[in-house]
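In the two assemblies presented below, subunit A is common to both, partnered first by subunit B and then by subunit C.
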Partner chain A sequence: MNLFGLAFRSLLNRRFAVVLTVLTIALSIALLVLVEQMRSEVHDGFYRSVSGTDLIVGARTAPIQLLLYSVFGIGDATNNVSWETYQELANTSDVAWAIPMALGDMHRGYRVMGTDHDLFEHYRYGNRQALEFAAGRAFDDLFEVVVGHQVARQLDYTIGEPVVLSHGTGRTALQQHEEHPFTISGILAPTGTPVDQTLYVSLAAHRAIHIGWERGTRMPGAEIDADAARERADALRPDSVTAILLGLNTRAAVFGLQRRINDYRAEALTAIMPGITLQELWRITGLAEQILRVVAGLVVLAGLLGMLTVLLTTLNERRREMAILRANGARPWQIAGLLVFEAGLIAACGIICGVLLALLAQALAAPWLLTTFGLHVAASWPAAGLWLVLAGILLAGLVIGLVPALMAYRRTLADGMQVKM
Partner chain B sequence: MSKLSVAILALVLLLPVVPLLAEEPRELEWLELMPAEEAETWLAESSGVDHSGFEAPEPFQSYTTVGELDGENVRIPGFVVPVETDGNGKLKEFFLVPYFGACIHVPPPPANQIIYGRLEEPIPMVNIWDAFWMEGTLNIEDISNDTADAAYTMDVDRLVLY
Partner chain C sequence: MSDLLRIEKLRYTWPGESRPVLDIAEFSIARGERVFLKGPSGSGKSTLLAAIGGLIQPDGGRIRFDNTDLGSLSAAARDRFRAEHLGVIFQQFNLLPWLDVRANVTLPCRFSRTRAKRAGDVGVAAERLLDAMDLAPEQRGKRADELSVGQQQRVAAARALIGKPQLVLADEPTSALDSDRRQAFIELLFAQIEAAGSALLFVSHDPDLAHDFDREVSLPEINRAGVAA
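Now for the complex of A and B:
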């Protein structure tokens, strides 16, 4: 019987301890892989969501905050940009297009955004892809709404269905805009970005549903009825928008325009370049990522040390096994090889199980990340760099196997045939 | 393995040829991108920037380019401002600027002090706080709109840490 067969059978004989060891290593590897994968997937997901937008403009706030609430729907705005400023920006000679975003309403846990047709025309995600309709078309009538892919899927919506929006950004709606039901005119194709989690209405509609709310809550009787609103649709416009996405004619003009917006006298504004602000965000989260990495690394080390403990403690119990092998003509180096091979086998099994476990965890976490943050995280194969780390861990496992191997090598000569158990 | 050996073979065969084919990129200084007379006014003005008050100096915008630089193979150091990714978080298009970030006392660099870099093959996202050497072919692209008529772009061959 060859060495591998022997090692395998010997391991099978001690299956309980071995399985536990493999599990320990698998869990530590899964943690390591998961931390690394999630980090890069989340980064990619964020980068996916903004493409082709040169500047994001909002009221004076922290750049990261502006990016998070405008594009990713994380957190709320503290202030809006006045309608006049939006108009002036949209008509600036450097600006090719301006997508207004009016936030503040929800529909069953999903964000409702007041915007205009520029969104469908100019918004880009991923590799400069435009939004596409899976069904229907953009909003046309005042009380029409376009819904994102996930919204339609989770709530089982189809074209033509009535939808009631609610006031405020809470998950449960106590105050509804039920006097103005909307009809779904279009469903967007999946994008893997927060767009999938959003409902879009026209700016005029965003204004219309808030008539009668001027005192902060609904005044019964003060609201406008649907037909009257439709008649006034051209004149209806919000007093302010939450954020504006800008695309420029000349990309090189972005630095100058950003400065002019930030220095704008009439209103306190913040203009950010999404690429830079994302990196600022990663810089802040970077420390936490490093800590997670270190922790994951230490857990792997603990797993390997656990394996060493198991191998060493069983070494004593296996004196008889070694003695029989020696009596049957096995050389000391073969015994040592057997132990190194065992360690390698355990480490390899642990790594394989760990990677599979990580993939499973990613697949399970994906729907949650999608509904909570609108981030599309696919269970993906570890990147090349991570495989190198895993190979390094396997090597470390083999090196650790050398410890019991050396002890066995020395010992089998001395007490191989003695019977002093 | 065979791929590797082919690559090594190709490398060995090409090594003596490479220096003849591709001349070393010329090291470019940022001020060379600005027409000479403009650079003089620019230097004269920027030395008088007042850092104390609330008033920001008038932004100095310049879209004029130096025609001779078109098509030249150059290397220039600067900071990367990411603009476009490939949808998987890899850097595709970016601005290279002579200095990084937020000295909000002085105006942003004029347009002819910015190069718009395009990478043939997207690369993993770089750190915006690190300086890089950018190597490639400098182009002057015509832009027909009210504010600008030309701007520098580069087909980037290499982006290496400074």
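Now for the complex of A and C:
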């Protein structure tokens, strides 16, 4: 329609103010979209990591803490689960598989986990996917290590390379297990979970490198040499594991088994259903999320008010323009319509630019989230609910456009055909 | 021959004012007639033009235009009437600065289909009028605010004339021009008014311009409201 052409040309004439207004709205929309997207992506990312696990068992502790240190490498365990208990759990009739996790070593900032072949066979993430090897195979020899996708990528590792593990989970001043170098036997395919950030060795290897370290540091002369360790490999096993991931034969058994583990007499244990514990975690972070949402909403409101300010301040300068339009046959509602259309166009451009900006920010933040939390955050298109919110904002923009439109409407009626300026 | 415009007992008081600004017993314009309306500023010239344009609703009396009683029309119908039948030239600032010359000339055709239809091919009509108003082709793609005041007034005249309106209202269109250009402008305007068969109501306080018109009317003489505040 011709009128829209006019509105567009008029906006083009004031492009500097218009572009700034669009930018203001775009930034506010980007913030809103980011808060919402990051929230759901982080939730999804955490859920992906535990989606195939029915129960996580650790020493008696808070459920959220157990979840965070066992799966996500956030914080440390204060206590371990004894080997005997692990064995007993693994052999319980309801249990289909039990993946032991022995933590406590690092390699250049990445976690090292002692585990067994059940990990490669039974662990499931995301949509029930099993782990796959991008190259190589599982550890076979005692001093072989399997590395996650990100570990290999960041440190530029290939099959057969030697790796020296560090003792302890601190970030700096680590003691090295340099007397027992490992060889990379396999590199895992990317999973978008903390698996990508982890190195895996056998439980026997985990034990072997800690012989002589019973007091928390190296006792010179007490270590075992590599060949002797290989000979004894079948007998080598740790006294305890940090946590155990359990998969059950039937999901229905999960509540009963959880209660039995929590009531276990021989040892104080905690068993958690990861999905439920995640819900608890989100309840805690929910307040912060709400605050972020409110802040983002207020910023959007400020953006829209900024647009109103610009439209109102230009209204005086444009009084002559409106009188010209009116004298040439424009009806008052058409002039009001021009202003509403302008507001709508500014809001729409702001929303589109804002969404694009948010996608860009997500793409930029993704590597950081991946290396820090092992979370794979894709720059994803906003969900349907978010589009509804954006549509609401566009509507609000149009409603705000009504304010100058009504003022112009009344003014054009009062001004008549005179252009007195 | 019947009158194109006939005003009877027209009265108008601006909202909030106590004295009327217009009180005209009778005033008429014949088809194709060129009328010079003389009057000092504040004598109600602009108000009269607004009433004829249907932008204000008189308190009393009648304005008949081509056998249509403006008072009987709705506000929307008056807007349509203005777009269809009137061409308007102001003293200055006639053009939308952010449109090019051609788009400014065709502006009334955006608001009235009848006017566009009468113009035929709107683009061709605009070029022909700009030719007639002596505006060089290389000026026509420019933004309106890049033209000189004289050029702008000629563009405004072309716009007022596009689609052959029956009446052209000109509100001191030459007051911003120097005297040489003033005469040239009026000659160009007259030629095109005649070609379009339009009538012209030309308002000015400059009596020097009056001699070429068919008729000269002094507003203070017909307006009994006298000089308003």
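To be clear about the criterion, the second predicted complex is superposed on the first by the 411 of 421 C-alpha atoms of A that agree within 3 Å, B and C clash if a C-alpha of one lies under 4 Å from a C-alpha of the other, contacts with A are read in each partner's own complex, and residues count from 1 in each chain.
In the analysis below, a contact is a pair of C-beta atoms (placed from the backbone, for glycine too) under 8 Å apart; a residue touches a chain by one contact, two chains touch by 3 or more.
This one's a predicted model, so the numbers in the text were calculated from it and none came from an experiment.
Visitor: Would you check which partner chain A:A330 touches, where first means subunit B only, second means subunit C only, and both and neither mean what they say?
Guide: A:A330 sits against subunit C, while subunit B stays out of touch.
Visitor: According to the stated criteria, A:H43 is in contact with first (subunit B), second (subunit C), both, or neither; which is it?
Guide: Touch status of A:H43: first partner only.
Visitor: Quick one: classify A:N249 as touching subunit B (first), subunit C (second), both or neither.
Guide: first
Visitor: For A:S10, decide between first (touching subunit B), second (touching subunit C), both and neither.
Guide: Once the two structures are laid over each other on A, A:S10 reaches subunit C alone.
Visitor: Using the touch definition from the top, say if A:Q258 reaches subunit B (first), subunit C (second), both or neither.
Guide: first
Visitor: Classify the contacts of A:A266 with the two partner chains as first (subunit B alone), second (subunit C alone), both, or neither.
Guide: The answer is neither, since A:A266 touches no partner chain.
Visitor: Could you look at A:A384 and tell me whether it touches subunit B, subunit C, both or neither (first, second, both, neither)?
Guide: Touch status of A:A384: no partner.
Visitor: Quick one: subunit B or subunit C, who's touching more of subunit A?
Guide: Between subunit B and subunit C, the winner on subunit A residue contacts is B.
Visitor: Touch check for A:Q129: first (subunit B), second (subunit C), both, or neither?
Guide: First partner only.
Visitor: Take the contacts of subunit A with subunit B and those with subunit C, and give the residues found in both.
Guide: Residues common to the subunit A contacts of subunit C and of subunit B do not exist here, since the sets are disjoint.
Visitor: Quick check: in the complex, which residue numbers of subunit A touch subunit B?
Guide: That would be residues 40, 43-44, 46-48, 51-52, 54, 93-94, 125-129, 249-256, 258-260, 262-263, 273, 275-276, 278-279, 283 of subunit A.
Visitor: Going by the contact rule set out above, which residues of subunit C touch subunit A in the complex?
Guide: Within the complex, subunit C touches subunit A at residues 46-47, 49-50, 53, 55-56, 75-76, 79-80, 82-84, 88, 90-91, 93-99, 103, 107-108, 110-112, 115, 159.
Visitor: Spell out the residues on subunit A that touch subunit C in their complex, using ranges where they run on.
Guide: Result: residues 2-3, 6, 9-10, 12-13, 320-321, 324-332, 334, 416-419, 421 of subunit A touch subunit C.
Visitor: With touch defined as at the start, can you tell me which subunit B residues reach subunit A in the complex?
Guide: Per the touch definition, subunit B meets subunit A at residues 56, 59, 61, 63, 81-89, 92, 94-95, 97, 101, 104, 107-111, 114, 116, 125, 127-129, 143, 145-148, 151.
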